[in-house]
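Note that the chains are named A, B, C and D in the order they appear, and that numbering of residues resets to 1 at the start of each chain.
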Amino acid sequence: MIGVGVIGYGYWGPNLVRNFADSPDCKVVGVCDRSPRRLQLAARRYPGLFTTLQPNELIERTDVDAIAIATPVNSHLGLAQMVLAAGKHVLIEKPLASSSAEAEALIEEAERRSRVLMVDHTFLYTGAVRKIKQLLDSGELGTCCYYDSVRVNLGLFQPDVNVIWDLAVHDLAIMDYLLPGEASAVSATGMGHLAGCSQSIAYMTCFFNDSLIAHVHVNWLSPMKIRRTLLGGNRKMVVYDDVEPSEKVKIYDRGVSVAAGPDSIYQQLIEYRMGDMYAPQLDTREALSVEVAEFARCIQSGDKPLSDGLTGLRVIRLLEAATQSMLQRGNPVELPNRSLKNDSLSGLAN
Amino acid sequence: MIGVGVIGYGYWGPNLVRNFADSPDCKVVGVCDRSPRRLQLAARRYPGLFTTLQPNELIERTDVDAIAIATPVNSHLGLAQMVLAAGKHVLIEKPLASSSAEAEALIEEAERRSRVLMVDHTFLYTGAVRKIKQLLDSGELGTCCYYDSVRVNLGLFQPDVNVIWDLAVHDLAIMDYLLPGEASAVSATGMGHLAGCSQSIAYMTCFFNDSLIAHVHVNWLSPMKIRRTLLGGNRKMVVYDDVEPSEKVKIYDRGVSVAAGPDSIYQQLIEYRMGDMYAPQLDTREALSVEVAEFARCIQSGDKPLSDGLTGLRVIRLLEAATQSMLQRGNPVELPNRSLKNDSLSGLAN
Amino acid sequence: MIGVGVIGYGYWGPNLVRNFADSPDCKVVGVCDRSPRRLQLAARRYPGLFTTLQPNELIERTDVDAIAIATPVNSHLGLAQMVLAAGKHVLIEKPLASSSAEAEALIEEAERRSRVLMVDHTFLYTGAVRKIKQLLDSGELGTCCYYDSVRVNLGLFQPDVNVIWDLAVHDLAIMDYLLPGEASAVSATGMGHLAGCSQSIAYMTCFFNDSLIAHVHVNWLSPMKIRRTLLGGNRKMVVYDDVEPSEKVKIYDRGVSVAAGPDSIYQQLIEYRMGDMYAPQLDTREALSVEVAEFARCIQSGDKPLSDGLTGLRVIRLLEAATQSMLQRGNPVELPNRSLKNDSLSGLAN
Amino acid sequence: MIGVGVIGYGYWGPNLVRNFADSPDCKVVGVCDRSPRRLQLAARRYPGLFTTLQPNELIERTDVDAIAIATPVNSHLGLAQMVLAAGKHVLIEKPLASSSAEAEALIEEAERRSRVLMVDHTFLYTGAVRKIKQLLDSGELGTCCYYDSVRVNLGLFQPDVNVIWDLAVHDLAIMDYLLPGEASAVSATGMGHLAGCSQSIAYMTCFFNDSLIAHVHVNWLSPMKIRRTLLGGNRKMVVYDDVEPSEKVKIYDRGVSVAAGPDSIYQQLIEYRMGDMYAPQLDTREALSVEVAEFARCIQSGDKPLSDGLTGLRVIRLLEAATQSMLQRGNPVELPNRSLKNDSLSGLAN
């Protein structure tokens, strides 16, 4: 049984506690938060739970094997270093850290100490995203042509980060998981609308290669909630609408192709395919419970988790490039050309 | 009674003929098309209609006072010049012409001959767009913060133009009509996926000023049809969903504001407003019939139409800037800083 | 070329004229209406069309081979008898007549004169309904368990009929086409809400046999438009939503079955199937154009049309039974047990 | 602090425990279930919780003041009698009991012992239903003309009850709460499709008076989930769609009225009103937490709860009448004409 402590009992922390409590492999030992009122709430819900205002009092308990961190991003590095220094495993709320340098530091530390470092990219553990991954891997969709994702709503402003660090991180994590290869450049635009706050609306294009483009639209000021991803393959296309109560993933047998012909650029040789649509039955388990099981599995086996530190780092590099491009009204920013996908960070360092 | 001839009886031409036939101010005299088969169809539907393969045979008829042109864009300049040279009024399918230089030539010619030059920006005549214009003009929405428009579907490829010249022209025409001022720069990205064809997916950001941004997403390769515009004001916000069979326009009493306070950048002073939503009853007349009435009114009165030549020119300048920016992966392209909105072209020329 | 006249140029008549005009087999000769204003509208749209206030002037023209009647139901019998007496074919707007006795009279007259008698049950000619029929005939859905249809909106009141004679006639025609066998009894309830008008809301249950039930809900006073049919088979189930702009028909691989077991009525032996859903691509031709082609085909071949007089009669018998049951607050009304489906009326009469 | 025990930790029990645990007025003392596996789950989630297989061990604890019962309906009477006999308050999952006689027995017992008897009609505590109640009470909707409710999905079969006892109970509880007066008769139809099970599809009409009708459609065999209620007033109309993630309640300024005139039954004097729609912001608290607060308030104050025993009894009488009518294929069944709404049961008994 893995003893787990949770630091941060604000918006997301209660979900972590509930899922660890339901996990047959884990036992929630205690909760830490800066707010006594939040600790009281946790104690009322779970009589007998250890609660504390001091992270180290939780981290250093001998019955704690792993810590989940659900605090603002600027505290991730410090807290996670304390956890790793204590020889414990760590699951960190997205984004992994405030910068790629911080993320690299955490990855190195976890490798050196052989501890599990996992980033809470929850969407990778949804039935919807896993189903789309299967469709891509099986070849059913053909070659990816584009990835287009919208994630907007009237959202909680975070004064310390811009909207892409809050919302686009989800889409970029999904994109990173689904698409082959890595983006080579990013062009982004955006605007802030409240004095003293950074961008609340942003658009970013990721250039992959000659035939693959990705775009993410995030907005904290939308009157309605939209969470929709279009994924165009040259065989089939997918619409993933996370707001739908059911049939979140739809696969369309639709497309356009150019037929070979004597005069091959004339319009009449473009062929449309308007076939059926189907919506596969999805695994409806709560994503966080699947993620908690993955965390427990990796602690027990020593495997790298699906959303490991490098995953978190790749996403942060995109966030940094987009933030830089936004300051230049869309001027494209190149990404380092060394792949992080099939490599370890220590390999990179050589 | 205004005698009308229609050149082009392909996809859009039949709608023009039908609406002119229903108009109490107009009479459809004849139809011209390059395809004898299309002319036969027109003749079967409207026995007694004059049909011809030669544009000049229709244009030069003495019972023809005005011509509507619904042909591919590269033929607009030549046909419209013939019409104006014959002293007749002209309504031209969007986009007005192939380039801003062509559009300027048409505007000058129409001014010199005092003929009506109107571009068929149909959406300006919908009940939905006119209602949103009213809401903006009345101040109900407050100051515009952003305009975000998506227009995607599995669309008819046009080998001679890219997708923004085909689809974004609608969104840019609506944007030009609704928003105050004109964009100062454009950043656009896009990609083509069929050999021999230009971009089939495109994203463009229009920068207006420090607190207004607009974005348009168009795609010919989407498996589903989406036509949705978000318009964020600092008082209220609008969602205009053209695919909905009813309640196309929804106004949300939602927003975010920063309250003044001693420590004004802390999160707790950001105030959310989550109020009611309402969907006003809209004028459900067919937009094209309203447009035909506007064309007839301007011919009779000598007024400039709502969608006049300058309107068409402003939109083309945005299309040109976006096309140029796409070649540079989002590098922003400045627009001429002289406003076309409160000015005539002849003024510009001085 | 079949010469066609249309009587009634109100709401539906213009659609008939437009579709006959577009048909390669037909030519619209003339239009009759009681309103001079409606005739003027028809003449403006179709210059050269013969128009008249007198039905017989249209019916008796030698270039008229067939008449389409789109007038209020109480005039159907008289007009159709004039048409048949003149030896012409007739297509009659639904419902076929005001009573089953009238419908029987028309069927006999058409048979005696060997003329085509067709009722305008438009929905039978939609791609959606034809696709569902295919699914049933192929066995993909299994055995039908239930048919549930809702057709409500803020509708045009018709003071002379109740809502089932106006709206449920569509659902009953679809049900009659799709389901095997005929209903043996009907229970209906309803209420009128406007002084001097009959029922504006109605519910009717059709009992077929021990394992098949059908229900229709119609309402002229609904604030929103709903047109949705659920069809439950023991293998798969269908949702047909006619308000959806696309994917009107969805087939669900869902169901419940009782597994055989030692204690077979315990809950745990009920097995649920929650499989995929798919939405087949449908024929998107306008239903009325398919119907016009069927009318033309039957005139030329002498075949019975898909929606022949007996079809219209069966639906009227259900309407009559429902009207009677409504007066008795749901008391079931038996239907004549002699089948009309595999028989001709002349056979019945013997 | 009210000590609470929960009997039944199956589908609904965990929601009760969670909401009592979150309530500032209550403390969850223990849980009882017949299944040791379910008790283990409860203990894992809430370390320190008392768990037992024996109801009386929980009921008789001195630190237990109130019991919530979430077990199958046939056990409600026995368990609730034990609770009341022990002098404790009781909240019972819907429906209150297996028959109106049982419900009456519970009401009498609770009154005699001055304990709170509350039925868990959760929907009465939703923001949506409370908003509709406000709209009715304020007169904004005018006089109610009809209530139409659909609640269908692929549901968990309950071999011991038919579908109206499982699903329609929700709609009837909402109807009972919203509508003035009580139904005087019920006509219902339905069908069972699985051997050994009762009706899985049912339709019921409730007759109120000359101008008010209610209808409920419930179905365990629907491939999709629909939960939609239409409420027609003569001023405005409401659509309540519980499946929508937001804007669950929409109010339409639509209607039909008959204008007075010299010839007042002609169609042209019927006036349509097609005005705006609005969706009010709703209280989004979880209904069960509001209900738990109401239970606690009544225990402390001695007030009757909003969903008291008589509420549960009125709904059961409708269920019994509908079950009887279904056996007679819709034959209407009269309800006792003595009102239960403005009366107490003890008053009735005299």
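Annotations
Assume contacts are C-beta pairs under 8 Å (C-beta built on N, C-alpha and C of every residue); 3 or more make two chains touch, one makes a residue touch a chain.
It should be emphasised that the depicted structure is a prediction, and the values quoted were computed from it without experimental measurement.
The chains in contact with chain B as well as with chain C are A, D.
Across the assembly, the mean Cα position most removed from that of chain D is the one of B.
Set side by side, the interfaces A-C and A-B show unequal numbers of C-beta pairs in contact, with more at A-B.
Mean C-alpha position of chain A lies 52 Å from that of chain C. Spacing of chain A relative to chain B, judged by their CA centroids, is 38 angstrom.
Looking at chain C, one finds that residues 224, 274, 277 touch two or more other chains. By the touch rule above, chain C contacts chain A in their complex via residues 247, 274-281.
In the complex of the two chains, the chain D residues touching chain A come out as 21-22, 24, 41, 44-49, 224-225, 243, 245-246.
Remark: chain D residues 145-146, 148, 150, 152, 154, 157-159, 185, 187, 189-191, 193-197, 200-201, 203, 205, 207, 211-213, 215, 217, 219-224, 230, 232, 234, 237-239, 250, 252, 254-258, 264-267, 270, 272, 274, 277, 325, 328-332 touch chain C in the complex.
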